[in-house]
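Each of the next two complexes has chain A plus one more chain, namely chain B in the first and chain C in the second.
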Partner chain A sequence: PFKRYVEIGRVALVNYGKDYGRLVVIVDVIDQNRALVDAPDMVRTQMNFKRLSLTDITIDIKRVPKKKTLIAAMEAADVKNKWENSSWGRKLIVQKRRASLNDFDRFKIMLAKIKKAGVVRQELAKLKKQSAA
Partner chain B sequence: MAPSQKTAKVCRNPDLICGVGKFSRSKMYHKRGLWAIKAKNGGVFPRHDKKPAEPAAAEKPPKFYPADDVKKPLPNKRKPKPTKLRASITPGTVLIILAGRFKGKRVVFLKQLTSGLLLVTGPFKINGVPLRRVNQSYVIASSTKVVISGLDVEKIDDRYFAKQAEKKKRKGEGEFFEADKQEKNVLPQEKKDDQRTVDAALIKSIEAVPDLKTYLAARFSLKAGMKPHELLF
Partner chain C sequence: MVTYKFHQYQVVGRALPSETDEHPKIYRMKLWATNEVRAKSKFWYFLRKLKKVKKSNGQMLAINEIFEKSPTKIKNYGIWLRYQSRTGYHNMYKEYRDTTLNGAVEQMYTEMASRHRVRHHCIQIIKTATIPAKLCKRESTKQFHNSKIKFPLVHRTVRPPTRKLKTTYKASRPNLFM
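Moving on, here comes the complex of A and B:
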């Protein structure tokens, strides 16, 4: 029934608080509710599990590694690319891009959508004509 | 006074503790050079007597005393400050007008006039907004900028937009019964030419950016799902 487990080396997404949206690695478990968590660009801190959403990615580290070892392990496991190619990661990237759109960008997107719909409709009309004939 | 170098103020008698100076009265007498001032003045401190006051001009009693004591209003020395322009509004910014006849129109910002209002133009050929003044508060500044170099708007200022002084209507009974002569407010040719020159340079730089012309021609509106506080303009 459970596929993603809390373990040392599990990559998680912070879903609440100051570090919202950051990918972190669980480097130690403190007690039933809290984990020690680390990322290449942040100070190692404790976080409640309720603030974390587990991902499918794990890396190979020992308990509480040094920052250098952690970074090396993340490179070896290629966390960044795995995340950005996963469907979850891609959705987040799209969300961020949509939120940062300019008024002009939104206008251009509207034109592109209309164009695309027009092309699709043309093809559909062609297919309809073929099947009717 | 000739401008002199400002020397740092040095305290001759620093406080050891509040109320107690480092040097005694006699020491300070010497430090301040009061002995030299006395010597220069023949053994006594120089006296500065008051100048004899000039006799005041004889005041005539006032001709008129008002019946009631009227309170004079306090003098108002307030000088209104020039309106501060939002940092996001620079010459060439595309603005969205929020109120008035042209609400929703996307328009190019030219400069801020001395009255604080923003000088803005459609350009007229693109969306029908002429050279116009608009208040900063009724405008959203988008982050889209149009290249505005080589545009001369120096001669357009607040007086350009002042109402033309109307001819005085002669009082006469005949006028009342005649059908009102429709004095059409025709735009003087000069203003049309100004519009054309300003817009010519603008339209060239607008057409250099793909889709910008249609963007300026379209009106802005909020659609379903758009949250203004989350939108980036």
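Moving on, here comes the complex of A and C:
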């Protein structure tokens, strides 16, 4: 019934607060509601589980590893690539890209959408003619 | 870092020197208070109960805040306290798992308030110590002494990432599975 567990080495996404959007690794469990959490570019802090969304990625570390071993384990498990190729990770990248568009980009997107819709409609018209005939 | 309400202070004071006693004994206390003024007041309160000295015939020599030495290491804290309930005074020993002593003390105050309805001015901390894992007495802290700890998060509440994006009504029911 459960597939994602809180365990040492589970990669999680922060979904509330100052570090919103950051991928962190659960390095130890403090108690029922809090975990010690670490990432290569931040100081090790405690976080409430309510602020974390667990992902499918885990890495192989012991309890509370040193920063160097943590970074080495993250490289070995290839967390960055696995995340960016996962559907969840890709969706977040697309969202970020959409939020950072400028007006010219939005104009270009409008033209591309119109073109794509035109091509789709042509194909649909062809198929309709075939099925009608 | 989380902001803690209770800070730990080291307060040092002594009685004023007089003709009978040129060099009175110096006393040092470690206390928890929300600010320095309260810490000094607490110091005199406790010292009055132990020695024949008051704030009016004593002097404060030093007050320093004590900060946590290793705030990234999880420790088991044991707190011995004396609290006043509706019917009398009792002693208690409580255990907490936290990264800092200030955090554990804050947990203690909130737990005493919720479980026993004791407000913080009726609580006196007798002693605090970091307990090694073998000597912990409470099952609720001992259950986390597992290097292969693993548990699922059973109920997921979907929250907007900032309070600004909160709405009273939502279009669809949330999915509570993690």
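One rule holds in what follows: the second predicted complex is superposed on the first by the 133 of 133 C-alpha atoms of A that agree within 3 Å, B and C clash if a C-alpha of one lies under 4 Å from a C-alpha of the other, contacts with A are read in each partner's own complex, and residues count from 1 in each chain.
As a convention for this text, contacts are C-beta pairs under 8 Å (C-beta built on N, C-alpha and C of every residue); 3 or more make two chains touch, one makes a residue touch a chain.
Predicted model, so just to flag it, every value in this text is computed and none were measured.
**Q** Considering only the touch criterion stated at the top, classify A:Lys62 as touching first (chain B), second (chain C), both, or neither.
**A** second
**Q** Which holds for A:Leu101: it touches chain B only (first), chain C only (second), both, or neither?
**A** A:Leu101 contacts chain B only, not chain C.
**Q** Touch test for A:Arg90: chain B only (first), chain C only (second), both, or neither?
**A** It touches nothing on chain B or chain C.
**Q** Looking at chain A, does chain B or chain C touch a larger number of its residues?
**A** C
**Q** Figure out whether A:Lys128 sits in contact with chain B (first) or chain C (second), or with both, or with neither.
**A** A:Lys128: touches no partner chain.
**Q** For A:Lys116 in the superposed arrangement: first (chain B), second (chain C), both or neither?
**A** Neither partner.
**Q** Kindly list the residues of chain A that each of chain B and chain C touches, one partner per complex.
**A** Common to the two interfaces on chain A: nothing.
**Q** In their complex, what parts of chain B are in touch with chain A?
**A** So the residues of chain B in touch with chain A come to 94, 96, 106, 142-144, 211-212, 214-215, 218, 220, 230-233.
**Q** Enumerate the contact residues on chain A facing chain B in the complex.
**A** The touching residues are 99-104, 107-108, 111.
**Q** Going by the contact rule set out above, which residues of chain A touch chain C in the complex?
**A** Per the stated touch rule, the residues are 2, 4-8, 15-16, 20, 28-31, 36, 43-46, 49-50, 53-54, 62-64.
**Q** So in the complex, the part of chain C that touches chain A is made up of which residues?
**A** 1-2, 72-74, 97-99, 141, 144, 147-154, 156-157, 159, 161-162, 178
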